[in-house]
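Both complexes shown next keep chain A, but they swap its partner, so chain B is in the first and chain C is in the second.
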Partner chain A sequence: MSAFNGMLALAVNGFRESRRNRVTVVVYLFAAILIFAATFALEMTVGTFERVMTDLGLGVISIITVVLTIFLGSGLIPREIERRTIFMIVSKPVARSSFVVGRLLGNLLTSFFVLVIMAVLLIGQMVVEGTPIRESLVVALIGIALEVLVLSCVSFAFAAGSSQFVSAVCCSGLYFLGHLSTDLYKFADRAKSPVLGFLGKVAYYVLPNLDRLDFKGRATYADPTPWSELGGSVVYAIGYSVVMIVIATAVFERRDFK
Partner chain B sequence: MKKSALAWLGAGLVLVGLSSRAPSPRARAGDPHPLMLRPGVARTISKSQFPLLLDFYWLRTLNLIGEAESAEKNRALYDFGRFLTDSDPRFWHAYKYVGLNVPFLKGRTYVNGDLASDLLRRGTVQFPSDLKLHLFLGFNLFYIEQKYVEASEVFRHGATLEAAPMWMAPLATRLLSHGGKPEEALALAREMYEETTDEALKKELEQRMIDLQVEVDLQGVDAAIAAYRQRFGVPPFDLAALQKEGLYTGPSTDSIGGTISIGDGGKAMSSSLERRLTLYGSGDSD
Partner chain C sequence: MAAAIQTEQLSKTYSVGFPVRKKVLALQGLDLKVEEGEIYGLLGPNGAGKSTTIKLTLNLIRPTSGSVKVFGLDPSEPKARAQIGFLPENPAPYEYLTGVEFVTLAAQLVGVPSGELKSRVSEVVEKVGMGTAAALQIRRYSKGMIQRISLAQALVGRPKLLILDEPTSGLDVLGRQLIRDVIVEERKKGTAVLFCSHIIPDVEALCDRVALVIGGKNIRTGTVSSLIESDSNQVELVIDGAVAALDEKLRPHVKQLDRLSERVVVRCEESATNTVLKVLLEANARVVKLQRTKFTLEELFIKAVKESGQAVGSSMS
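Coming up: the complex of A and B.
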């Protein structure tokens, strides 16, 4: 129970710290400006108002949350080590694994908070403009939330054992590769060399398959997503995140802070 | 830095300075085609933000529509349209707006009509039951490209679609007739007459079949006039002149009893028809 309380305290502290962080404020401003700037762009969309509104809103939300997640997730642990504040925590009766999970939860809280604010802004703007709120939009927002979850855990796994820069670069790389994983599988299928084909398929399963968490394209045409497919994506994202958390705690427990 | 190194640096700079020149006028003029990504490449590099990228290009396209005031700019519009529709074949607005705006009136003739038709044709393949795209393609084909037979095919299909205007089916037959195929037009009118249950359309097609029957007769006379003109260099004065030369052996009346004569423009005409089933006398046909 005390371990859980400690984790919770770390999560809440992390959330408060992130809120104090100027980057978060800038992101709110950036989101508001971009989403409201859309109104002016929409003046010239000639019959494609709903499409552009949906794409622009979801695209901006996705970019901002991904950048924020990578920035916060990659920097949190290395910054604690760099500022030596880590010693204040590890000297207390808090397990290192609790520290990682607590910080991760705080980070997720921040990212989800930003995501929810932006989603509310987007939906509010759509309501004002008289654009219908479709199920596909909500599904796309859930997809972005799942992507944030996976990326947060991946960035923690990298940050647990490396510097902020290395973690951010690797996590960004994985973000792009994660969206290309389906293509990777296709290339592996077509590879003439069986070794290359095998390696390609291994990479497909090892890399986070962010493609299956991306429903933005369907929101463009309000295409439905079967709940079974969405459920499968939720399970996949949670499973992948758990694996990344385990890796992050295992690496962090072996890390020497000197 | 050593003096020798400075000397080499100076010499290098002089050589670069002397050999530098502005890009050739041709290079500066630029390619008429805008710099575009291939759809596959664009999809791969933008992957998770592909809808956003497409919308960016869509807004650029709309911007270009607003400022297109030359054949080249309208040509570039086609490239944007192809990029958008190849990347997202369901982008109905791209087919419509780009297809409508690609043709450019240069002097007294339209250019880029073939490009517009190409895009609209792709649109009708993608949306076979979309009436507007069929209307735009048909209009583009007959008015800008003067491809009457193909336009007739498009209108013929369009006439079968829901909410198709009543004039579409008769127009299909008229275009086919103007394209030099009155027999086919007659067969088409008969086919549509039998297929339709719309009484008003049936009535319209009944009249059109009569007109087409007369048109078949008159085009037979037109062929004889053309042969006369080839032989003598001038059009015949009257039908008797054709009969005298043995170029026309048919009756002097059409199928519904109207008198056939030769008009001022050297074209056959009938007293039973107020106007021939032709659009623009000098238009080319396919």
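Coming up: the complex of A and C.
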């Protein structure tokens, strides 16, 4: 059997399982929040409806996908090990790396599916309200998708070698630090102690720079993002994710399933 | 021809505890050989190393020292694992998939060609008696149904080696019978079966050979009958019409004396047989039966555990 077929089977079934599990509930919840928020915004704002709608919509989409991604990514492997489901899968002639990548792809499919549903709801709502759909909104949605990709891979890297709790805490911490990475660099640049400066710069390069993937602010003010900048962010997100996948598979390959 | 499973001086040490790490010897130089087409039973108390042996055979854990081969191959090679079907103890399949979806996933992972997927899945689902229930999500299954669908996923790749860890535990009579039938049917096809169970009558009824694993070591191996006989160094005599006065003369030479209405049953060491016979013949008693004492596998198991100094049912780790 080719490794690709095994990965594909795991990805498809992972997506199928998550879809039946809790994802639909999250989407319905978002739809309810969105409709409520739109009505609320219409009542409360004068002339800035487009800005509030974009800001609120992207904010909710971002929060829901990030929470969902960390929850799914941190829990999947530890839960399979704890329930011993993994015994029936890893004992098959499938490489452990294929298992990790297959399950990761399943998670990504789930997160992207939720993201697309929510994006369609937001755009639909804006169309109904007569708000123009700008390029900056699409760029911001692509940024959220890239953030989902990076966070999924980071959570798998932690989950491959630790418990669900540890993985979720570390991944959440990295999410917040990742959004502070530009400040961290500035702090390192201005630090008087050369050691602090060096450590700050190391942290900047090691931590995921999620600021690079965040275009929500620009979407709110309809500021365009150059395609070259977006291209750079895509390359950065994919590169960082590949490194995380390599770490996840290396850790998982060495793991004993007691 | 390579054995289905062969272990040589297989050892596994776990490090447990935090912050102080403690070493636990789960296996200590285990030698085992499971031939093709035989049903091989692994017997031992909790923590004896049975599950560790199985996990090493499936590459779920790696040995600290020694080796394990599956049809001559290292279990880390996918080619080796492609020949194995595994049913773990208390299986927990993906609960949001249906039975059919889970068995199909297992079939895809063992490389069943896509053209054969549907027929192969239906075949094993029918074999384990799931029928239409296989279309339900697994979270709605009873324990027996989970066991059956997990057995189906183990069989779907038509394995040459079937590893079953406590396959009948928690099942009703029909479920146990079904699993026993499947095991016998697989043996007829030439499949080797490694059968690990606490239910000794099942082991006794099904296994061609049995290994007693205690404290991470293979204490005894052999056919059930050879194990039972080899362990017996006692003789049992049945005496007809023995008067009560004879009891006192016999007691110094026998280990056990039971008076059952007309008959007396005595057990003595094999070395004391002639002495006991002499006493009986002098008293004109009629010996109607003389045979080597037969233990059940269960008696043998308990005796072996006691000899090893480990409490029955205790855990090492």
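The rule we apply is simple: the second predicted complex is superposed on the first by the 245 of 258 C-alpha atoms of A that agree within 3 Å, B and C clash if a C-alpha of one lies under 4 Å from a C-alpha of the other, contacts with A are read in each partner's own complex, and residues count from 1 in each chain.
Basically, a residue touches a chain if its C-beta (ideal position, glycine included) is under 8 Å from a C-beta of that chain, and two chains touch if they have at least 3 such contacts.
Just so it is clear, the structure is predicted and the values come from calculations on it, not from any experiment.
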Chain A as common anchor, with chain B and chain C clashing or fitting: fit
Which superposed partner A:P132 touches (first chain B, second chain C, both, neither): neither
Partner chain(s) touched by A:D256 [first = chain B, second = chain C, both, neither]: second
First, second, both or neither for A:R84, with chain B first and chain C second: second
First, second, both or neither for A:G59, with chain B first and chain C second: first
From chain A, separation angle of chain B and chain C (C-alpha centres, steps of 10 degrees): 150
First (chain B), second (chain C), both or neither touched by A:A9: second
First (chain B), second (chain C), both or neither touched by A:E17: second
Partner chain in contact with A:A95 - chain B first, chain C second, else both or neither: second
Which of chain B and chain C A:H179 touches, first, second, both or neither: first
Shortest CA-CA distance in Å separating chain B from chain C in the superposed model: 33
Intersection of the chain A residues that touch chain B with those that touch chain C: none
Residue numbers on chain C that touch chain A, as the complex places them: 14, 55, 58-62, 78-79, 81-82, 84, 86, 88, 90-94, 96-97, 101, 105-106, 108-111, 137, 150, 153, 157
Residue ranges of chain A in contact with chain B within the complex: 41, 44-48, 51-52, 54-56, 58-60, 62-63, 175-176, 179-180, 183, 210-211, 214, 216-217, 219-221
Of chain B, residues touching chain A in the complex: 44, 47-52, 54-55, 58-59, 62-63, 90, 93, 97
Contact footprint of chain C on chain A as seen in their complex: 1, 5-6, 9-10, 13, 16-18, 20-21, 83-85, 87-95, 256-258
